[in-house]
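Below are two complexes that have chain A in common, paired first with chain B and then with chain C.
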Partner chain A sequence: MAEIARALRLYWVLQRATMRGALQYRLNTVISVVTGAVYQGSGFAFVWVVMHTFPSMGGWSLREIAFLYGLRLTAHALCMLPLSSLIGLEWLVREGELDRVLLRPLNPLVQVMTKRMGMGQVGDLLTGVVLLIVAAPPWNLAMIGFCVPAVVGGALVEASFHLSLSSLSLRMLDTRALRGFLDDVFSKFGSYPMSVFGGVTQWVLTFVLPVAFVAYMPASVLLDKTGSLNVPALVAYGSPLLGVALFALAYRVWERQLRHYQSSGT
Partner chain B sequence: MIRVESLTKVFRRPRTFPGPLGALRTLVTRRYDERVAVDDVSFEIPEGEVVGYLGPNGAGKSTTVKMLTGILTPTSGLVEVGGRVPWRDRSANARSVGVVFGQRSQLWWDLPLIESLRLVGALYDVPAAHFTGSLRRMCDLLGLDDFLDTPVRQLSLGQRMRGDLAAAMLYDPPILYLDEPTVGLDVLAKQAVREFIVDTNRAGRTTVVLTTHDLADVEALCRRIILIDKGRVLYDGGIDALVTAYAPPRRLVVHLADDETRTFDIAGGASVPELIGRVAAENTIRDLSIEEPDLESVIKQIYAESTR
Partner chain C sequence: MIRPLAGMARVGLRFQLAYRSDVIMTVLALIAQVFLLRMVWTSVYGGAGQARGLTLEALLAYLSLANLQAFATTPIIPLIAHFRIRTGMVFFDLSRPTGYLPQMAAFQAGHTLGGLLMLAPAVPVVLLVGTITPTAQPLGYAATLTLGYVISVMMSLLICVIGFWTLETGAISLLYRLISQFFAGTMVPLSFFPGALGVLAEALPFKYMGYVPAAIYVGHLSGGQVVQAMIVEVSWIAGLAVLLWAVWRRAHRRVVINGG
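== the complex of A and B ==
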């Protein structure tokens, strides 16, 4: 327990240092944040345009889809804000930077996570939270009590795929293309109600690649629409737990790959 | 302090195939290329010793250091540093070693040097009072005061290396690994690095393992060297003993009147005046000198023999 508290404290110390470093390039920071927000905002603007023609999509109104979109985006930002450094893991391995990580008395993943500051993800988070707040039905305590673990659980589902795939680059396997593809699937399919997709697609996105658990199921609970799900309502209520389980598994994969690390030549 | 027994590291990579479909074959092959980087190496280093770990490029120096520091897992054999197996207990091992890679800085590129040192202090749980004292000592020993507030990316190589040495010793580790710490430095900066190593070794009984290609480093710092090539130990012992054992003969170099230069090996026990007399009788000598064997010529000879 003391070890976890220490890791969290040092995570914060190191991440702040990286942030200070990034803020030296002020214009770059501003552009990254704005680009992130505009990019995600334009994605939602597209939905808005479509919904002008069709009043509902798979039984969901514009407001409900906005809420789902915001929930997904917030979970995504919460996942990538700490994990954006994993995008550069190949580089850390190739340049031998990972050697130094292994020479310091702190969990290697915590150190890797602080190598970069994802400014674009700050923009994602802004757009996500704004959508979530604007489109939400009137909040009550029970809803907040479910929404917070749901967002964290959704973030962990996405994070577990990123972590397990990136960890393969510890053995010189470049998985950036595959990760880019998965990122696309999560954002393209995760931001809309699953009921608009065919039965097979919906089944795959629930049981093979659990995109539905990130935002669709929690949003169905919060909007009281669990009746139209392809799983029992109880599963939707328990959806945050999947993230915890998957992430624990992904962390095991990461540790395993770390043991096979071969370093670079010099 | 450091005990290494029959240490071996074999790198295993899927075989690569030539040709347009070679990449695909590499992807599915079950055949592997094996390269033995460190082959049955054994040595022991007692506390407080400064040891030069030498060898040509690709000899296995860095691989050994990476196993000593716990970065790499050995294929077989035993490593014990301060009673610990480094790769099994990375975090605890990390606290007892300082590591400097001459080619790679551990400092935060975009932040002032002082911030990097503070972060290292935090990572190694150095108490605030202790940190202040440690920092003061490092500043005095390495002359850091002039550039403590300069971002690391703006430091010269010599300044950066001094910063790296400070970062490695800030938490008083009993063992210091230096991997080519003087590479690319000018004469004065090299001198500063060497003096720092001598000081830390003398003051704190720090055990130092030094890999370098600069034999002047070795002569200034180490009494003992371990020479390796192709992953195997060629020599382990004192520098003096090495020069005596492998010493190539002293040589008489004679410059003749007609701008010709000739060299004569001086056989052991031969009389030098007699040799000079003999040469002078047959030629007109303009100048002459006697070349003593030095560490460089000895090591050159050993490398050459091991390649044969």
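== the complex of A and C ==
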């Protein structure tokens, strides 16, 4: 426990340092944040334009979908803010940079995570939080008490896929393109009510690739729409736990692969 | 003049084919995108036979085509120029006897050809998912799409040249890509855009890369509208040519070569 607390404290210190570094390039920071926000905003603009003609999508109103969109985007940003450095893991392995990481007396994952700070994800977070607040039904304590773990749980579901696939690159497998594709699937399909897809697709997005657990199920709970889910309401209430379980598993995979790491020798 | 340009086109083609695993994933993402759009639109249409003059079948065919077109015509040269300006390698491009803009255009043409080759296996899948039948206006489709592609290349050349001033086109080209794809109507046909957004989308040239050719293919635009679209496209090309020439005359005098 003491070791985890130390790792978290050092994570905070190191990440702050990378953030200060990134903020030195002021114009680039502004452009990155704006680009992140425009990127996510254009996805929502599609929903908005479609629902201008059709007021209901899979039984959800524009406001409800905006809330779902905001919930997913906030979870996504929360996942990618600390994990965006994993994008460069292939490079760290190929250049032998990871050797240095392994020699230092701090959890290697914490060190890799703090290599850089993704400013584009700040734009994601801003868009997500704005949508979440603007579109939310009137808040009460119970809702806040569920929403916070739901966002964290959703972030952990996404994070577990990124981490486990990234750890394969420790064995010289390049999974960057595959990770990009999965990220795309989570972003695109996770932002709609699953009732839009129905049938096999909904089943796959629930039980094979748990996209539905990131935002759709928690949003159904918060909007009181659990009646139309394809799982019992209890599963939806417990959805934040899946993220914790999957991330624990993904971390095991990471540790396993790290033991098999062989330096490239450069 | 022709031989060096053919060489640049070959480089562009090889560049595209070299990153096969990336392209395979991009093609998969394209199929996922068309699949998602199909699901979403089918769901919102519900029982409605028609909306804004489009049946669901025509709309699904439209979306598949528009996305295939967007995939094939997405420009690469702003990224190449960005990298070469940042590393100073643009010096080599400028020292060649062939002009910088023709070189870039030829590279883009080769790259697009490579993209079409990679796309070939995905076409039957996308056509099947999007249920496309042969068009009644093949000539109008081919002509507007070709002219639209020329407009797209010229716009990206303009972004490359802007890099001579800003020395940094990474974020600009990403923004350009997002905005152009949205206003090209790859996810929603322009006829659905409400109010001022619709007016803006109609006025911008991005619709010629997606909406106009695809809408002609499915018969949403026809007859006089096709001819009119082609006239406006040719005017855009002429206008962009003048603009490019004027900007280029100033740009190459203020070249900065980053050392290192």
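By our rule, the second predicted complex is superposed on the first by the 265 of 266 C-alpha atoms of A that agree within 3 Å, B and C clash if a C-alpha of one lies under 4 Å from a C-alpha of the other, contacts with A are read in each partner's own complex, and residues count from 1 in each chain.
FYI, contacts are C-beta pairs under 8 Å (C-beta built on N, C-alpha and C of every residue); 3 or more make two chains touch, one makes a residue touch a chain.
This structure is a prediction, so every number in the text was calculated from the model and none was measured.
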Exercise. May I ask you to decide whether A:Ala233 touches chain B, chain C, both, or neither, giving the answer as first, second, both or neither?
Key: neither
Exercise. Spot which of chain B and chain C makes contact with more residues of chain A, would you?
Key: C
Quiz item: Of the partners chain B and chain C, which touch A:Leu102 in the superposed model: first, second, both, neither?
Solution: first
Quiz item: Which holds for A:Gly21: it touches chain B only (first), chain C only (second), both, or neither?
Solution: first
Quiz item: Which holds for A:Gln262: it touches chain B only (first), chain C only (second), both, or neither?
Solution: first
Quiz item: With the two structures laid over each other on chain A, which partner does A:Leu10 touch: chain B (first), chain C (second), both, or neither?
Solution: first
Practice problem: Quick one: which bits of chain A touch chain C in the complex? Just the residue numbers, please. | Solution: 28, 31-32, 34-35, 38-39, 42, 45-46, 49-54, 56-58, 174, 177-178, 180-181, 184-185, 188-189, 192, 195-198, 201
Quiz item: So in the complex, which bits of chain B are touching chain A?
Solution: 11, 62, 66, 69-73, 90-92, 94-95, 97, 99, 101, 103-104, 106, 108-111, 115, 119, 122-125, 151
Quiz item: Which of the residues in chain A end up touching chain B in this complex?
Solution: 6, 10, 13-14, 17-18, 20-22, 24, 95-97, 99-100, 102-106, 259, 261-263, 265-266
Quiz item: Which residues, counting only chain C, touch chain A once they are in their complex?
Solution: 21-22, 24-25, 28-29, 32-33, 36, 39-41, 43-45, 51-52, 168, 171, 174-175, 178-179, 181-182, 187-188, 192-194, 197
